[in-house]
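These are the structures in question, set out in turn.
There are two complexes below, and they share chain A, which is joined by chain B in the first and by chain C in the second.
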Partner chain A sequence: MNLSAAWHCFQGVLIREFLRFIQQRSRFLSALVRPLLWLVVFAAGFRAALGISIIQPYDTYITYETYIAPGLCCMILLFNGMQSSLSMVYDREMGSMRVLLMSPLPRPFLLLCKMVATALISLTQVYAFLLAALLVDVEPPLIGYVTALPALLLVALLLSSLGLLLSTQIKQLENFAGVMNFVIFPMFFLSSALYPLWKMQEANDWLYTLCAINPFTYAVELVRFALYGQLNTTALLITLGATAIFTSLAVLGFRPRKSGR
Partner chain B sequence: MTQRTSLTLLTSAMLLASSCAMAQLAYVSNEKDDTISVIDLKSQTVTDTIDVGERPRGILFSKDYSKLYICASDSDTVQVMDVATKTIIKELPSGEDPEQFALHPNDRHLYISNEDDALVTIVDTETSEVLAQIDVGVEPEGMAVSPDGKIAVNTSETTNMVHWIDTSTYELVDNTLVDQRPRHVEFSKDSKILWASSEIGGTVSVIDVASRQIFKKLTFEIKGIHPDRVQPVGVRLTDDGKYAFVALGPANHVAVVDAQNYEVIDYILVGRRVWHMDFNQDQTQLLTTNGISGDVSIIDVDKMKAVKSIKVGRYPWGVRVKPE
Partner chain C sequence: MSISVESLSFAYGPRNALKGVSFQLTPGRFHALLGPNGAGKSTLFSLITRLNALQDGDICIDELSIRQQPASVMQRVGVVFQQSSLDLDLTVKQNLYYHAALHGISRQHAKPLVERELTRMEMADRANDKVRALNGGHRRRVEIARALMHAPDILLLDEPTVGLDPQTRLALCNYVRDLCEQDHITALWATHLMEEIQPHDPVILLHKGEVLINGHADDLLEQSGCSHYSDAFHVLTSTDKQRGAA
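Now for the complex of A and B:
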């Protein structure tokens, strides 16, 4: 594979994604408003109801807003990952995917370009959210904004690979609503994004088990620790493993016999 | 040259020795464990746990920090611990159920409130002699002696009064009515202003010492927390006169008050049922005892944020910092 051709291709995909993102200003706004609503409205309602306690990586007691912020960062990445799967289905229906797949470069590389492009755009939204979160006193240490970057990038790749995998299974745009109900909501609610796992275990053992096997839980924990300058090795390994599995399955799903529908 | 080198070496050695031997230590009384936890403020870890009398509550140091006085409430005594050897060397006749006390600036006279007997007992710490017992209101609790040494003040939880005691005559000279269940009193450094917290009243009365009149009453309101849970207990003032910190008990927050214009400017989240507090040596950190969660939170005074919580024994009550 020619490196300059690969770079040219990556630029092409990235610019296309970026232009599409710029043109859809409402998408940026909604990506920002959604987690901010959770942070300001939902957290305000729940802060007194939920007990406070020290859990890793925090050194002292934290407000509920501080607790859910990493989960909401991952929520942005989750929605964007799924959105990219929606755009793949759209591309397939409109025929523009054929243009992409006509490229002489290997198909896995094309998919990787798409994943990285989605991930990079998601990251700008996450950092915009973290800046806005400062207004409600969610203040991770300064170094946390740097150490969180690789964690956020990996989680973005995990979720966009999941999005790609789903897009191989969704044949029509209309089916996307199912993704909301069967992927986004269960993934988000059955994780440590909104409540610590020990709290879930207190409530119900099988709910706890579901949360504990949800890769999104580990994605959230990876970001939570990284935002405080710490590494959660278990979360890192599980997130890496899940990303590898989803990417491989997505690549398999895009083999010619499948794409030539 | 040789002389200079050896002088430098000697200075460095002395500095090294002093930094090793004299880390700042916080002593925390654990009400339900009958122990004192010792926290090294540099490493922010508990480095020692010392067995003491039953139900230790109020604690304070002698002026030179060589002795730690401990109100062992259920042992009905004030214990004197030798800080260097960590052993109890003496017990003082405190009267029944001592809870809080204050040491006169003369470093000898200890003013002890006896909760069950409605008394304030004054003990000479050197001779162990009871100098006087003064009748005050029901359930005396908070105790303070003005920095100029002229007045001692006691609060009675049930009578809801601040009692003023002349330290030269050991006589009760006046009473000031405050809100329900006054818990703690604290003098400003110039002895002119007294801060008195009322646990059930949910207020802090700021009192002019000369006239013994309340001139400001502070109330507290924390978003999302029911007003009944806002129960002020411990109060601490910075030496520069800028801030007062008020521990709000089951509200799990410490209120930051501008001590110039008596306005609440912030609330800091700490552990559960925050009770008493103390500063580190340069007042850059404030330590709070959190009874129910069994830990001590460290507040960064510049940032006005809790930065660390450290597990200690069960129901930590009082905290005092021994400087370097």
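Now for the complex of A and C:
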């Protein structure tokens, strides 16, 4: 593969995703409003109900808003990853996915371009959210905004590879409601995004086990630690592994089909 | 540059969509790929464009096999799909730049190509309009401009005139014929509208996944004993039962 051709291709995919993103300002706003509602309304309601003891990576008692902020960052990435899968099903129904796959460049590379482009667009939304979160006193250390960047990028790749994988399985646009019910909500609620896992363990062992095997839990923890300048190695390895598995399966799903419909 | 399809067979589960299809396209000519719905035209296109993988047979451009060198084959082929595949929320120009990038062409190199193709398609004044604002005929023109951006030798058009009025259909058809004559592009134009073919056109008639006629438009008349192409098409592609009823 010619490197300069690959670079121009990546630029083209990124520009297209960016142009589509700025065309859909309402998508940006809803991506921002959703986690802000959780942060402001949900957190206010549950602050009293959920006492948070001192847990890593925090070195003092924290507010509930501070606890759920990393999970909400990941929620933005989760919704965007799934939204990109929706747009790919739409692209496939509309035929524009064919345009991408008609490129002479290798398909795994094309899909990777699409994933990275989606991930980079998602990051702008996460940082916009973190800025807004300052208003409710969610103030990670300044260096945290920098150290969180690679973690957020990896999580964005994890979730866009999952989206890509799902788009190979969803045959019709209408099935996206199923993705909401069977992927987004279970992934988000069965994780450490809204409550620490020990709380879940106290409540129910089964639910705790489900949380503990959910890759999203590790994505949230990776971001939580990175936002405070720390590395959670277990979370990093699991997130990396899950990203590699989802990406490989998604690439396999986009190979030319041997037996058609 | 010639394209040859060699003993191509393809099945969707137990249903055979193509059965031993072979033909060769003459460089620089407008070829009509005829066939009723379900004849196997779209399956053939999906194999040439690698959306489906080959099961039996091969597709070659000159000496390049799509099995061995898919990227080299893709570089030489431009496609206009049956369903519009433009990004409606992007402008005409942005759609063309995107296509150029997918072929590894830098923005700097793509600029004159975009201008050339849009001028050729008489769409230069609509370059900054969103595709959503264009009518069906203009969208098709943009799709042809896009398919030609990377200077392919072969242009595949899968029923490109579906949903267009007769005048626009004719104009589009004539435009592709001009491309063949002037730029020596080899075109494969899939259709079931007989008014789009001319007596001297090479035609491939597909029926139930098999090549029924591989010759010239006049062979349709000769083999069917009809005097009009549309009657000939009907006679050649109707089942025995339908023929009896007629």
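Throughout what follows, the second predicted complex is superposed on the first by the 257 of 261 C-alpha atoms of A that agree within 3 Å, B and C clash if a C-alpha of one lies under 4 Å from a C-alpha of the other, contacts with A are read in each partner's own complex, and residues count from 1 in each chain.
The definition used in the following text is that a contact is a pair of C-beta atoms (placed from the backbone, for glycine too) under 8 Å apart; a residue touches a chain by one contact, two chains touch by 3 or more.
These figures come from a predicted structure and were not determined experimentally.
Kindly classify A:Pro104 by the partners it touches after superposition: chain B alone (first), chain C alone (second), both, or neither?
second
With both complexes overlaid on chain A, does A:Ala44 touch chain B (first), chain C (second), both or neither?
So A:Ala44 only meets chain B here.
Given the superposition on chain A, which partner contacts more residues in chain A: chain B or chain C?
More residues of chain A are touched by C.
Applying the touch criterion given at the start, work out whether A:Gln11 contacts chain B, chain C, both or neither, answering first, second, both or neither.
Touch partner of A:Gln11: chain C, not chain B.
Classify the contacts of A:Ile62 with the two partner chains as first (chain B alone), second (chain C alone), both, or neither.
first
What residues on chain B touch chain A, complex-wise?
223-226, 252, 269-272, 293, 295, 297-298, 305-309
Tell me, which parts of chain C touch chain A in their complex?
Residue positions touching the partner: 10-13, 17, 43, 46, 49-53, 55, 70-72, 74-75, 79, 81, 83-87, 89-90, 94, 97-107.
Note which residues of chain A are touching chain C in the complex, please.
2, 4-6, 8-9, 11-13, 15-16, 19-20, 23-24, 94-96, 98-106, 110, 255-261
Can you list the residues on chain A that touch chain B in the complex?
44, 47-48, 52-54, 59-63, 139
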